[in-house]
């Protein structure tokens, strides 16, 4: 299947470039550590306040790191006019979107895992018991963020003031994902069973489907000249 | 192979290309001369389907390139300022990436074959970051070769290359023509490659002021013509 | 055509004012403050209409590449932001005497505020791109995302609100529909729609003329 090969090669290229240059991942991981301290200082030493705010802080962390990581996902294409090269490839451009999306999901998942572990350790919260349902919420939320994030990142990579425009465009659109994931995470951390957050899961799954579909259908218009 | 009719490109009130028509057959090479800012790069990008003209038509090997760009892109290639290489990948990996995106066959033999043709097989597994400008240019040409391009557009292919590399590009062009390809080179100087050129065009004020076979002009005549035209164009502002 | 719309809109607004302030009775619980609903509800309905047109224009442009669709999307987005702003301000004014605060994270206000932000972003994006074709394409993508996102925003905010406050007695939802209130609402809604159509028509005309110079 040529389509799958093409999507795969984009993922392969991004992972390879990232592994060789290590630009993004290291900086993002360090950023997570900084966030940890930032949150602690912003909320003060009151343990309970921190515990109550935890689901929000976790997702705030994901989003902030996501903004940095996602916003840069097409930056590598600016070197040597590779963006132009992508525009000139024949065939279904949505394969490129899929490959980029996969790469971004991998990157974001790596960052999220680190944040989750850091939160577990530093804020002394039990993330192990609800690990499975939490992982589901994480996965769905990540896809939701990355789906539109990848699309908008491609767009803003070609526009002035991109560092400002990217969060301005992305964040309002991601409000549902944020609300759903924080609410679900909060319930799960309080020990509620997965069934209780089923409606959130369904919302996330539905939203993800819509976002990825839009991405697949409109990416060629972002790339096309 | 290349049939452009009345191409026009305007950015609002600013007209860059003002009614350019040209025709090039298979196995031919056209050199586009012109001062900086004359519109050579813009014209080349229109021919490469990277830019949409405001008006006019473009047919490549009989296909309407404006309406169906994806039909011509498999065998259309442009080598411009940026060489479309990822610095952190090796030469071989770069080829593999672009050829897979094209939907072509990326067997190791084919990749190495393309690298060998451009004398880069020795550094196949070196990262492109370590390459010189000439080597990156050659890698771009290897990508073109691998992609079996039939129309080749080169924007200032001789700039920034040493003598040996320039000679090399000229030889590549000859081989490309011998295979039946059509090429357009944009240049603002007279490099060694003009031996491979069949026709010369001079672009000024967005129009093709001259378009003649090189057989009709001697080198001095061409030089004088070029100087006078670009001077007068610059004077006219 | 546009002129006629203008007159119709003016007439409609007049009728709406009469209906809202003269004809309809003051609401049982809130008193006269509730009358701002005759502005607030039609404004938000008109905003939704506007964003629906943004979606239409966006898809239309991507499908046909004809500038007319882009002009529709851009004009509709501007008006959508305007009417959304109106909704938020009127909701805020309503809220102050009713709930005691200028802002509350009520479901409709929150959804509307999110929508406002999305489309302000749309307008910002348009402002930053000079190339007409790129601007239209990118704006179209954002327009499609923004509008298709509306139901998702609606549900997520509604459920989130349910978590934090079981029910609001004095919600912006008109509780029992006294027929007189219902009629006044309807008249105002029609008036707003006419006004919107008039503004839209004018705005598109201006955009078309701007492009020609």
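Read from first to last, the chains carry the letters A, B and C; within each, the first residue is number 1.
Rule of thumb we're sticking to: contacts are C-beta pairs under 8 Å (C-beta built on N, C-alpha and C of every residue); 3 or more make two chains touch, one makes a residue touch a chain.
In this text, all values refer to a predicted model and were calculated from it rather than measured experimentally.
*Asks:* Quick check on this structure: which chain has its C-alpha centroid closest to the centroid of all protein C-alpha atoms?
*Replies:* Chain nearest the overall C-alpha centroid, as shown: A.
*Asks:* Farthest chain from subunit C, going by the mean of C-alpha atoms per chain?
*Replies:* B
*Asks:* For subunit A and subunit B, let me know how many angstrom lie between their CA-based centres, rounded off.
*Replies:* Between these chains, centre-to-centre, one finds 39 Å.
*Asks:* So the centre of each chain is just the mean of its C-alpha atoms; given that, what is the distance between subunit A and subunit C in Å?
*Replies:* Subunit A and subunit C have C-alpha centres separated by 31 Å.
*Asks:* Whole-Å distance, subunit B centre to subunit C centre, using C-alpha means?
*Replies:* 51
*Asks:* If I count partner chains per residue in subunit B, which residues reach a count of at least 2?
*Replies:* Expected reply: 52.
*Asks:* Using the touch definition up top, name the residues of subunit A that touch subunit B in the complex.
*Replies:* By the definition above, subunit A touches subunit B via 2, 5-6, 9-10, 12-13, 16-17, 20-21, 76, 79-82, 84-91, 96, 225.
*Asks:* Which positions of subunit B touch subunit A when the two form their complex?
*Replies:* Interface residues on the subunit B side: 48-52, 70-71, 73-74, 76-78, 80-89, 93, 96-98, 100-103, 127, 136.
*Asks:* Which subunit C residues qualify as touching subunit A in the complex?
*Replies:* Where subunit C meets subunit A, its residues are 62, 114-115, 117-118, 121, 124-125, 128-129, 134, 137-138, 140-142, 144-146, 148-149, 152-153, 155-157, 159-160, 163.
*Asks:* Would you tell me which residues of subunit A are touching subunit C in their complex?
*Replies:* So the residues of subunit A touching subunit C come out as 148, 151-152, 155, 158-161, 165, 168-169, 171-173, 175-177, 179-180, 183, 199-200, 203, 206-207, 210-211, 214, 218, 221-222, 224.
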